[in-house]
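Order as written gives the chain letters A, B, C, D and E; numbering starts at 1 within each chain.
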Amino acid sequence: MLEVDGVRAGYDSTPILRNVDLSVEEGEIVGVMGKNGVGKSTLVKTIVGLVEPDEGTVRFDGRDVTDTPPHERARSGMGYIPQGREIFPDLTVEQNLRMGESINDGSSALLYEDVFDYFPILDERRGQKGGTMSGGQQQMLAIARALVANPDLLLLDEPSEGIQPSIVQQISEDMRAINEDLGTTILFVEQNLSVIRDMADRCYAMERGTIVDELGATDLEDEETIASYLAV
Amino acid sequence: ALMGGGSSDTIKLGILEDQSGNFALVGSPKHKASLLAIEEINNDGGINGQQIEYYDPDPQSSNDRYLELTRRMVQQRDVDALWAGYSSATRETIRPYIDQQDQLYFYTTQYEGGVCDKNVFAVGPTARQQLGSVLPYLVEEYGPRIYTIAADYNFGQLSADWVKVLADENDAEVIGEEFIPLSNSQFSSTINRIQDADPDFVMSMLVGQNHTSFYEQKASAGLDIPIGTSTAMAQGYEHLRLDPPAMANIYAGVNYMQEIPTNRNTRDGGFVDRYYDMWPDAPYLNEEAENNYFSIYMYKRAVEQAGTTDQEEVKAALESGITYPAPEAPDGEEIKLVPETHHVNHHMWVMRADENHNVEAVDDRVIDETFLKDTVGCDLTSKDEEKQYTPQDYYEEAG
Amino acid sequence: MATDADSAGVLGRFVDAIHGPNTMGESRRFWAAFGVVALLMVTFPLYMLESAVTNMSQYLALTLLALSLAVVWGFTGVLSFGQVAFFAVAGYTYGIVGINVAGPLGTMAGLFVAVGVAALFAAVLGYFMFYGGVSDVYVTIMTLVVVLVLKTFLDQTAGDKWTIGEAALGGFNGMPGIPDLALGIGEPFLVFDDFTLFYAALLALLVTYLGLRALLNSDYGRVMVAIREDEDRTEMLGYDVKRVKLTVFTFGGALAGLSGVLYVTYFNYISPSELSLTAASLPVIWVAVGGRKTLLGPIVATVAIERLGLFLSVNVGDWAFVINGLLLLVIVLLLPEGLVPGLRDLVSWIGDRRDEGGTDDTTEPSGEVIE
Amino acid sequence: MAPGVDLLVQFFPSFAKIVLAATGLAIIFGIMGVINLAHGEFIMVGAYATTLAYNGALGALPLVPVDPIGVLPGAVQLPAAMLTGVLVTALFGLVVERTVISGAVPNWIAERTIGRPVVKPMYDRLLDSMVATWGISLIMVQLVRNLYGNSLNGIGIPFGQFSYGNGLSISTYKLVLAGVAALVLLLLYVVFVRTDYGMRARATIQNEGMAKSLGVDTERTYMATFALGSGLAGLTGALYAPLQTIVPGMGGGFLVEAFVAVVVGGASVVVGTLLAGGLLGFVYALFANVWGTFAGRIMLLVVAILVIRFVPQGLSSLVERIRDRWAEVS
Amino acid sequence: MSDTADGMDPAVKQTSAELATGVDTDTILKTEGITKRFGGLTAIDDVDFDVEAGELRCLIGPNGAGKSTLLNLITGALSPSEGEVYFRGHDITEMDPHERIRRGLSIKFQVPSVYEDLTVRENVRLPIQRLASGAERDERMADALAAAGLSAKADVAASALSHGEQQQLEIGMAASLDPDLLLLDEPVAGLSVDERAEIAERITQLNEERSIAFVVIEHDTDFVAEIADHVTVLHQGETFREGSIEEIETDPEVQRIYLGGETDA
């Protein structure tokens, strides 16, 4: 489904990613973990197309999309939930969702109603400006916005940030449910131990711009191993 | 200026007229006609055998630039005489410097009148001359009730005052008066008020590009009261630019328009022909263009008479009552520069446009510049002044 | 270099005061170049024609207008289109006082009253805006509209009823006969015309430049920059943002007023055309082209743009505005930070290439250059 | 005659002028964060293209070898000329967008010569865009003057007059313009509220990266928005071509009203422009009618200052505030 | 130019403290019936919220409970629909934010907000220059940089700092205002485990050594458990529970609305 091959990328000639290889099979839920600043978000942005790699290729659905602009990648089925929410502040909640929905070709199984089931607050606040929602509400909106696009591959960058504990648990469960019910493939970045454990089938560990390890299902049972990649 | 004029072997003239910017429409004919006069004189052997050399940078319709360029003309080019500027504001911008340098300066635009300045030769017609030709004619033709609309600035306000003075003199009355900001191009409410007042005729002293729209808008609103003006057609040739019948029934009091029927103007090889021979693409030959043209010739006569380009002596020669057979005057007549006032007794015409924008002369006569000379007693031959008088002075003098 | 310990102390303090992260030009090389330029300016009348010198005094007067905007916009983040309003108000005020009160006393009083009135006008307008919660682009448009109101009003003040004492406002045609600035009591002992005006303007510029450098590198200057960077953050550090903005705006008004006075003494005349849309945009253009987060940029750009305009109008005619516009476009597109920072980057880039590893003191923080 | 009727009739032209002057600017400003100081010149382009087409001089435009309008029957010549004006201006806007506002053309060249882009797009850079468009305005005024001279021959005003009693009449065309202005607002309402285009355009300016990753072709959105704004400016030029003298500087007469209306109106293009046109048009009509044109103009500006001071976010925010207040009470 | 850039006397703080005698000086912050409505939504509903001097209080609650809003009402970034805010005995409801700051309040926002284009050193200078000059200023700046662990990056533009470093910088700036009460909105969101530990340590240290009172909003329950003396739970704009961390964590209602089934504690 997704294949990242020998990617080198960065911002304005500051290299961040070095020789990153990673692949996600259809239907998998794969995590990426690593400390602050190792380049997790940069990796996701490279996959989405917001950062252009200097070297290497990104393949999606069997096609080389390295030079494909982000909006075309989105239309061909990539959904992105960025770190820091990136809500359109002056659009209403409903318009933010419609922005997500507008790439949906109509075949969506997951429409507003389902999303509102997950996050009822969004239903209540349809007319509120996105920018005036509370931090956590914005995070929910960002997730919902990606879901209504009904993507084949969902990329989540620290989805639990700023969300109350009970909903963090619920999100992990919901993501698994979406994965199972709709077959959506998921790649997510996390620093929250329990989320990684609850969600991931397997997990990559990043350090200083490159992938250093891959943890399988059994490794993920072991809290120590995970923690070693998240703390000093 | 310190070295005195006559020592070099060419005569240097400064021609500052707008070739770009807002005033280019009216300024570029002035520029072109000046060059025509200079070329004719040079081809004819120059002045006292000296060729004319001219400097004509483009002041771009900006007053600041005018001052810069005037300084440059005087200090760097050491010009013997200067022609500069369309608007009164421009003249007022450079006049302090002109007076400081005692620079011989020709101001050729038709204007509100009243400048009594020893260095300035204001050879365009004054409001009193222009309105004095058209207003009495209209009172005669249509009746005594006048509605004045004028641009809301010095020229307009002073011209409106002159309308009142002239109305008095002609037993007419001003029943309404409105001043329009220069930036305004919407005339519905003005037209509305004129219709409400229902005058015998309107006097219009609107100026500039925004105000030109008035004529189109009043025509389509069905306002068909005759209009007298000192500002339409002769400068910005609205009768050629606007779609008929916008200018129908408009009477302009002017000293010159391309269409005036004098032999000097319209005969084969006359003024109009010579102008378009030199400038085939020029859109129009306007009132100020003729003023530039004849005043350069007047300058020529003055230099010949003085036998030098020394500016004080040339001024003295100009003050000796120079005349010239300008295109505006019928055969056998010469217009005269009045020594005391530095203004010109013009041959004035009343020109009327019809529904098809054909322009014809309906009246003409010489009108003297009387305000400065008689009313306020400006006499530059005996007393050096650097002043501008206003109609207020007229009332004060008249009591 | 100074042997006297005490004077070295004063000098040292002064040198400290005008250096800091908020202004450009720290190095020996910079001050050497500065000295050369200053010398060239002081001796300008020796090798230039009279008209070039007098035109230069006009440009120098205008640099103060540009600097007034640089302080308000470039360093405090308040984009005002209204600097020309303060400029013109001061010009008119100086004219009214100078025409009515004869002699040098009148012109000296005119100078102070004019700058005072401009500052007061700015203070009132600033209070009305900043304490009323008007900010960002709304300030820009509001100040622009104020300029237009003033112009619309002045345009129609031709009649006699708009005469204040001896001075007629003069409407669209403006107010002529404004006297030169003169010093003295009774008899003037120094009149600022032609050359003296040039030196007065040059001195005013030099003092303003060094004074502003000191201001911007002071604590107060840092608060100004902080407000430009993030108003809310600055408020939350305990600074009275509104008051600082008002103070700076008032100061900018006074500086624009000083510029206006020098300018009218050059023309001996002022008219509402100083308040046209074009005139109101010019300071913005100078500052943007020169580099708004600098002091040198606006100065250089003002002189360069005005001088270039004259050059083009003399030599190019018809196409002058087209070339002028194209140059502007090229500069904003290629050097968004402005001409002077752009050149500085170029110079330091060349310098780096030449003496790799040399001791260059122009290391800047990465990211934006805050000169 | 009832002064009310008079005032009403006088209100229409001022409303039309303000609305038509403002919409193009409002869209480019509100959606792209670009302050287009050359807006007046875009209007001028519309008027020039219309007039040239109508006078059968279309061949004088670059790239148009013949004069297609000249062969049309008389009644459709003016509308066809106006349509030409709109299209030419929209196209012109597109060119400006690609070369200056987005920097796409210079960047394309630079990437092929020095290997990296040199121009940062002007989107949401209010002040830089102001300087750049100021440059464009300088160039255009003089370029047009150099190419077409100081003035073009005008087009007569169609439709004749509308009399409303007691010898009072107004050019019918001016009333028609008020209708067109209302229609333009209605169309924009449909475009912005009923289609996703407006929403996407706004999303694009608020967060370009995110808009891209939601499938929005932001380049195209920017181009379309700028072309739409330019086309509306062109429409204004086309509609005012018969009313106004056709000179290169004619755009200046629209700029002030446009800016004032945009700011007074506030963030929402349609509602804001409608309210601003209504309020300012009314103020102008009232004062111009009763105390003369000078009073009308000064009061228009003074009211603008007061609105900015007391409703800094513009009249459309007032509507939102009232809605909130209402929600609070109920 | 006076040392305090805007000319206000730093002594004001002391004076007001003296004036505040007679009021219960242990309560540093007090809100009385404070209410904030946004249109039809009541985000804060008649809340009485008290903080003792030197206390370390955590404010938790579901997303949208009104925590950030409450903080904004205290700092003056928002003005209340009803109710009053008292700080050290004075009614500060009508005051501009900067006046409140000068009386000893300080805040770190939910989204990091440092001066991105200024260097770290210039960032730190701004709060300190108002309070100190000369050698004292240099010393305090050095201390603040050291405490934030940013001495080595003092001349780097703040935009070049990592997320965690920016958080540290902002806390450092807020702390160097010498506040009596420091408000932190989600100080560790998006930080790694070790950075969280560092910040927790920093907060406890400031609280203990300089007896600064804290109100900390955070969703990380481990973090809350580590630092808090006392926890307030906000729910739907109202005070829902108040108590020690143990009481709160075991409260079944809190678990239902906020914590979820099981917790890591």
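Methods note: contacts are C-beta pairs under 8 Å (C-beta built on N, C-alpha and C of every residue); 3 or more make two chains touch, one makes a residue touch a chain.
Composition by chain, UniProt nomenclature: A = Amino acid/amide ABC transporter ATP-binding protein 2, HAAT family; C = Amino acid/amide ABC transporter membrane protein 2, HAAT family; D = Amino acid/amide ABC transporter membrane protein 1, HAAT family; E = Amino acid/amide ABC transporter ATP-binding protein 1, HAAT family.
The shown structure was predicted, so the numbers you read here are calculated from the model rather than taken from an experiment.
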- line: Ordered by label, the neighbours common to subunit B and subunit D are C
Message: Report the chain whose CA-based centre is farthest from the CA-based centre of subunit A.
response: B
- request: Could you pull out the chain whose C-alpha mean position is farthest off from that of subunit D?
  value: E
- prompt: Between subunit A and subunit B, what is the separation of their C-alpha centroids in Å?
  reply: 76
- line: Whole-angstrom distance, CA centroid of subunit C to CA centroid of subunit E, is 42
Query: What is the distance, in whole Å, between the centres of subunit A and subunit C, each centre taken as the mean of its C-alpha atoms?
result: 52
Message: Going by the contact rule already set, what residues in subunit D reach two or more other chains?
response: 142, 145, 256, 294, 297
- line: Multi-chain touching residues of subunit E, meaning two or more other chains, are 38
Numbers and ranges of subunit A residues touching at least 2 other chains: none
- prompt: What is the complete set of touching chain pairs?
  reply: A-D, A-E, B-C, B-D, C-D, C-E, D-E
- prompt: Along subunit E, where are the residues that touch subunit C in the complex?
  reply: 1, 3-6, 8, 75, 77, 96-99, 101-102, 106-107, 109, 113-119, 122, 125-127, 129-130, 155-157, 159-160, 173, 177
Field: Of all residues in subunit A, those that touch subunit E in their complex
entry: 35-37, 83-84, 121, 128, 132-137, 139-140, 158, 161-170, 191, 193-194, 227, 230-232
Field: subunit B-touching residues of subunit D, taken from the complex the two chains share
entry: 6, 9-10, 13-14, 17, 142, 145, 149-157, 159-161, 163, 166-174, 242-247, 249-250, 253, 256, 285, 288-289, 292-294, 296-297
- prompt: Within the complex, which stretch of subunit D touches subunit A?
  reply: 196, 199-200, 202-203, 206-207, 209-218, 267
Message: If we count contacts the way the header does, which residues on subunit E are in touch with subunit A in the complex?
response: 38, 41, 61-65, 67-69, 110, 162-164, 186, 189-195, 219, 221, 255, 257-261, 263-264
